[in-house]
Amino acid sequence: MQGQQQQQAYDRGITIFSPDGRLYQVEYAREAVKRGTASIGVRTQDGVVLAVDKRVPSPLLEDSSVEKIHRADNHIGIASAGHVADARQLIDFARRQTQVNQLRYGEPIGVETLTKEVTDHIQQYTQVGGARPFGVALIVGGIDNGEPRLFETDPSGTPYEWKALAVGADRGDLQEYLEENYDNEADLDGGIALALDALASVNDGSLLPNEVGLATIDVETEQFEQFDYETIETHLDENDLLGSEDEEEDEDEDDE
Amino acid sequence: MQGQQQQQAYDRGITIFSPDGRLYQVEYAREAVKRGTASIGVRTQDGVVLAVDKRVPSPLLEDSSVEKIHRADNHIGIASAGHVADARQLIDFARRQTQVNQLRYGEPIGVETLTKEVTDHIQQYTQVGGARPFGVALIVGGIDNGEPRLFETDPSGTPYEWKALAVGADRGDLQEYLEENYDNEADLDGGIALALDALASVNDGSLLPNEVGLATIDVETEQFEQFDYETIETHLDENDLLGSEDEEEDEDEDDE
Amino acid sequence: MQGQQQQQAYDRGITIFSPDGRLYQVEYAREAVKRGTASIGVRTQDGVVLAVDKRVPSPLLEDSSVEKIHRADNHIGIASAGHVADARQLIDFARRQTQVNQLRYGEPIGVETLTKEVTDHIQQYTQVGGARPFGVALIVGGIDNGEPRLFETDPSGTPYEWKALAVGADRGDLQEYLEENYDNEADLDGGIALALDALASVNDGSLLPNEVGLATIDVETEQFEQFDYETIETHLDENDLLGSEDEEEDEDEDDE
Amino acid sequence: MQGQQQQQAYDRGITIFSPDGRLYQVEYAREAVKRGTASIGVRTQDGVVLAVDKRVPSPLLEDSSVEKIHRADNHIGIASAGHVADARQLIDFARRQTQVNQLRYGEPIGVETLTKEVTDHIQQYTQVGGARPFGVALIVGGIDNGEPRLFETDPSGTPYEWKALAVGADRGDLQEYLEENYDNEADLDGGIALALDALASVNDGSLLPNEVGLATIDVETEQFEQFDYETIETHLDENDLLGSEDEEEDEDEDDE
Amino acid sequence: MQGQQQQQAYDRGITIFSPDGRLYQVEYAREAVKRGTASIGVRTQDGVVLAVDKRVPSPLLEDSSVEKIHRADNHIGIASAGHVADARQLIDFARRQTQVNQLRYGEPIGVETLTKEVTDHIQQYTQVGGARPFGVALIVGGIDNGEPRLFETDPSGTPYEWKALAVGADRGDLQEYLEENYDNEADLDGGIALALDALASVNDGSLLPNEVGLATIDVETEQFEQFDYETIETHLDENDLLGSEDEEEDEDEDDE
Amino acid sequence: MQGQQQQQAYDRGITIFSPDGRLYQVEYAREAVKRGTASIGVRTQDGVVLAVDKRVPSPLLEDSSVEKIHRADNHIGIASAGHVADARQLIDFARRQTQVNQLRYGEPIGVETLTKEVTDHIQQYTQVGGARPFGVALIVGGIDNGEPRLFETDPSGTPYEWKALAVGADRGDLQEYLEENYDNEADLDGGIALALDALASVNDGSLLPNEVGLATIDVETEQFEQFDYETIETHLDENDLLGSEDEEEDEDEDDE
Amino acid sequence: MQGQQQQQAYDRGITIFSPDGRLYQVEYAREAVKRGTASIGVRTQDGVVLAVDKRVPSPLLEDSSVEKIHRADNHIGIASAGHVADARQLIDFARRQTQVNQLRYGEPIGVETLTKEVTDHIQQYTQVGGARPFGVALIVGGIDNGEPRLFETDPSGTPYEWKALAVGADRGDLQEYLEENYDNEADLDGGIALALDALASVNDGSLLPNEVGLATIDVETEQFEQFDYETIETHLDENDLLGSEDEEEDEDEDDE
């Protein structure tokens, strides 16, 4: 009770520390991320896999309307989770950075460089007053000098590099699943299988093609490629994860 | 009780997250949308239908004064619901964007592009301090490369693409009606019928021509067309929805 | 009691929504309008009538000092109700707009165009921080392409078009009176009679010439014309509304 | 009790409305006016009279130090009441306006024009945040096209035109006295007599020459003229109002 | 009790009026003036006398360090009381004004003109937000066109002209002393005697030369002249006010 | 209890002092530093050693992702502890300063100079409003004119020079360990041993190579050099600190 | 209790007066000065002595790291006490002023001039909003035209000139010691002895050379000179103040 009151005193102002050194607004922005459906990134020897849960709350809502996988550059894709409108701002920022880099240096931007430009942008919203933090986490995947790279940006503005990660709803369970099943030797198909398995693990074991978004950045082609309905269906089928439409009832998380 | 007090602590500041990651000012702006009379959009194979409830609180108020359907460009119409003065701001913003696009690229703006420029504009009012969010939702309908498109902008700044949707008062009942009765194969007249049926379903089963606004953007002509009193009367009559003036008593929602 | 406390929490900040989607500062600005004496507009086939209650609290105060009818352009008049100093700001804004339009397009501004430029200006004061809303309502009357037009601007920045309306004190009773007695076929004299009858109906049935302001914008001449004492006296006399000076006691509303 | 608490909630912020549509800061600024000693203006057929109570709290304070009558232009004088430092700001503003008008149009500014430029300036301080309203009322007297004019500016920024008025301490009693004794036919000497009578009426029936300021703007000369000690003494004597020095004890109001 | 709580509600914000029309921050700034040691100004036929109490709280503090008499121009001196750092700001402002006047008009600034430029500067800090008022009062003495002038600036920004005045600690007693003993016919030496007598009257009847500052502006020379230790000692001796060092114990006021 | 409430009154505003002269926001920023894993700096006769605890909370998180040792210039390295995103801002600031110095003066920046430019930057965030302090401490090591130098920047913006220091979690225990075991005569290997011993002392006596970051700046080469996995493993082995992977369970601190 | 609550109401805002005319934030900044270790200045006939307590809280912290004596110009030294990072800002400001003066006037800045430029800078932070006062006091010593001068700047922005003074911890006891033992006739060595005696008097009667900083500005050379360890040791020894290392236990004040 005492602790709760003390917390309330510090979490209303955006740019101040609590007595134990925490930034509550940033932590609440992390809660905003958890309110979004899950997104997963898996790095394999052959490239990076991005997979997202894109269940829609109404059958009249276009699946394509739930944009959680974005092309940032030819060789970089970004998956997001959390506050959708905030995600769009960061994606726009990232795309401008790729263009600026191309214009200024005549070459594509590095995955790590791009990630850190985004996180530095995010950090400003946690220190300088007059605005709130971004309520979104991004998974940035791509190829740097022939190497697959996979990064996360969180609402505090910290960049992390991962072998595989999940953000959004059920992050705890998903991350645990990824840790137990990640295989350093896997190829792209293995990465896709792992990502879909993980998503299905928190979804009654099966998925519908229209409820999933999938993209890869291949080390060979260095091209971001987003999968269509049929290809997703094939992958689900190959991994015995293809659900039937009837089950599509529950919708307990929503991107806002 | 406890929960209510906790909520009060976070909903007065515009740009901050609550502990569970919500932006209360945005959610209250959604309530402002619900205080406006309903607007409906229906996408058909032959084009997009916009239909709005425009009942007026006084017989001396000009029906035309209730502007809920707006021409954004030759090929794009917008229906609004919620805070009227806010809607005007966004419509003006949208119209400027169509002109800028025409000037800069020499071609009409895409429906999706326009929608996202509007939602990005809306998002700024939810993150940066010194202003409140827009208390309005827009339905943006038009033709992109020969394809009918139907979008929604909500107060958070999220763009959604729909087959059919309702915003404003009775959204829950209207959206349910649309989901149960939407027909993928319908033509424009079918779309008009669905939209009017839905509006009538929450209005004692009938409508008066002056209480309804109706517009279409046809795939063939790619022209936004707003209907006059007689045409609306004909459509109501054809769909057995034409009410008699006597019933026009209740006015339980009001745009403010 | 509970409800009252909840309200208090949201009505002190200018630019925020209450949990039920209302903007209390705008609603309180509407109360400021009601604190002013009444103004009435009536649209007839032959032009627009503006009539205002301009009772003064002291016999030493010049009647002409109570400026509630303003010439905006040759063909447009504006009646105001509410906070007098705010009204002057909006009238000045409107006059500048008429001049800008004349300079830019070489023709007089439209009544609807002018009204919407004013309401858009008003809206800014309800969304952006650092200022309060305008505590005034305007009745804008004039001739557009030979057609009489009558608009209202309210503190939210919403434009309304009316056949006849009242703003300020006793709006409820006056509007009811107008609804019951409005005649679509009336000429200018009929409009004047209706307006004066309405004003007298909340004023013990009679009026003094110096307590009333009256103006018309005639469809023929397209000229705003403000009436002098004698003309007003004649109209009151013709309509059996001419009071005697003795009754001039009560002064229950005051423009501030 | 309830009402009082409710009031407290709305009167601390400068730019917001109370639930009943009032601007408390403006009303409190009016109280600041009442804390100043009285000033009176009287319009006669032959010109305008300004008379002020300028009693000083200490015999060592120079009478001339209490500046309550100011020359704004050759043909315009201003009397003030309330917060002295604020009055100086507005007088300076008024003088700059007279000069700007002379430079821009090559002719002296009108009394009404000047008054409204001042009130528009005052209004800004009641709507835009970051400053408080002016705690002063001005009486602006002068000659417009051969006609004597007498205006008031109040802290809300409203301009009033008067035949005769009082501002500052005892406004109620003074205004009542003026209403009962005002004579439309009076000449300048009659106006001076009325103003001095009124001041004496709230001051035990007599006045000392050094405690009164007096000025006229004559229709013939169109010149603002401030009276010296001897002339004031003569006027007091002629009107049987000349007090003796002994009575000069009480000092119950003070300009601050 | 009730009254005290009400006061607390209005005295924390710098730029707002209390319900009775007072500006508490300005009144508190006046308290800051009273916390400083006293300063006195006396106008005589032959010039102006400035005298200040400059007792120091430590014998190691240089007497000259307590700067309470300042040369503003050749013919103008200023004595201050209150918040020392604030005084320095205003003195600097005054000096810049004297230079600007000399440059712009080629002649020395008038004493009254300078005083009013300072008070207008002070007023801004009482009306516009973002700063607090100046916690200092100035006594401005000098020669205007061969006439000795003596002004006061107070924290509200009001200019007063005096024959003789005291500011700072014991103002009440000192001003009473001045009123009782002021002689219109006195010469400079008489003015010095009055000022020192007054200071001594609240200091056990005697003064030490190092505890007093003394300056004159002579009508003949029109030169500001500050007195040295010996001259002050002589004046104290001549007026039988010279104390012995032993008594120098109490230090009950302090400039901060 | 009393004390705790008093504290709460002063720790929410960033730029104000508490009654006992403390800046709570700065002290809370120090708590943010303690929430980060430890970093150690050791100065030896032959150069500077930087060692950091970089345990990761998930086996899928790339060790390299935890960037706690940064190259600022050829001859300067920086270790950080605390809020990671804040650290990145300061590192970027430091790197820009090194480049500016090189451009402006044609020579590398001094270690002390760089440290003080960083601390001056930090101080601004503790005095000027509108932002919070930096929640990070830096250890800046390098070679100045052939001399090894070791500095700390803390959240108040104070620069300290050390022989050896620890920041972050367990600072108390680590600093005590360093004080007891520091040897003025040690060479670089001795410094590395001391740093690793200290880290192991709060980590069950052993470390894993991937959980440790290690870098040196050698007096001879004047080059910042960061160690790879194998070299770290060798050093751990040589100092009998090499742990086995199994123990890698607990993760009680986390950089945020 | 009552008094305490009243105080709390006024000490949180930086730029407002309390009802008794105090600026609490400035008084709290003075408390921040007291939290720093002591600094002493002594003016002698032959020059100025600056002496500071620079005990360090850890044996690994470099003594030189505690910078409390600063060279401002060839002929001016500054000792500080209080918030270290704030001191650095003021020292930097002072140094820039010395350079500006040299560039602008071609001669070294005066000690008094420099002090007042610093205090005017400090004052701004006590009157204008958006920042807190400086939590530091400076002792500025130097030679003006062959005369030794010794000034203090305090957090209110007031300049004081002293014969001898102490700031920081134990100011009360130290200042009392200086008052009792100050000798107007002392030479530089006498001044050094007095300063060290005073420091030792609050430190168990002895000092360690590394715990003391010492500097002089000699009237002859007009050069600021800071003493090294050996010279300090000699002075301590000559004055029988040289402590033994063993006693170096207590550390009850800390610069923060």
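Residue numbering begins at 1 within each chain, and the chains themselves are lettered A, B, C, D, E, F and G in the order written.
Simple rule for what comes next: a residue touches a chain if its C-beta (ideal position, glycine included) is under 8 Å from a C-beta of that chain, and two chains touch if they have at least 3 such contacts.
Bear in mind the structure is a predicted one, so any value in this text is a computation, not a measurement.
Engineer: At the chain D/chain E interface, shared numbers over all numbers used: above half (same) or below half (different)?
Structural biologist: different
Engineer: Taking the mean of the C-alpha atoms as each chain's centre, how many Å separate chain C from chain D?
Structural biologist: Computed value for the inter-centroid distance: 31 Å.
Engineer: At what distance in angstrom does the C-alpha mean of chain F lie from that of chain B?
Structural biologist: For chain B versus chain F, the centre distance works out to 55 Å.
Engineer: Approximately how many whole Å separate the CA-defined centres of chain B and chain E?
Structural biologist: It comes to 69 Å between the two C-alpha centres.
Engineer: Please set out, as single numbers or ranges, the residues of chain C touching at least two other chains.
Structural biologist: Residue numbers touching two or more other chains: 129-130.
Engineer: Using the touch rule from the top, order the ring's chains starting at chain C and going via chain D.
Structural biologist: So, from chain C then chain D onward, the ring reads C, D, E, G, F, A, B.
Engineer: Can you check the complex and tell me which residues of chain E touch chain G?
Structural biologist: These residues of chain E touch chain G: 8, 11-14, 24-25, 28-35, 58-62, 64-65, 83-86, 88-89, 92, 125, 129-135, 255-256.
Engineer: Could you list, by residue number, the parts of chain E that touch chain D in their complex?
Structural biologist: Going through chain E, the ones touching chain D are 6, 9-10, 13, 15-23, 26, 116, 119-120, 122-123, 126-130, 151, 156-165, 175, 178-179, 182.
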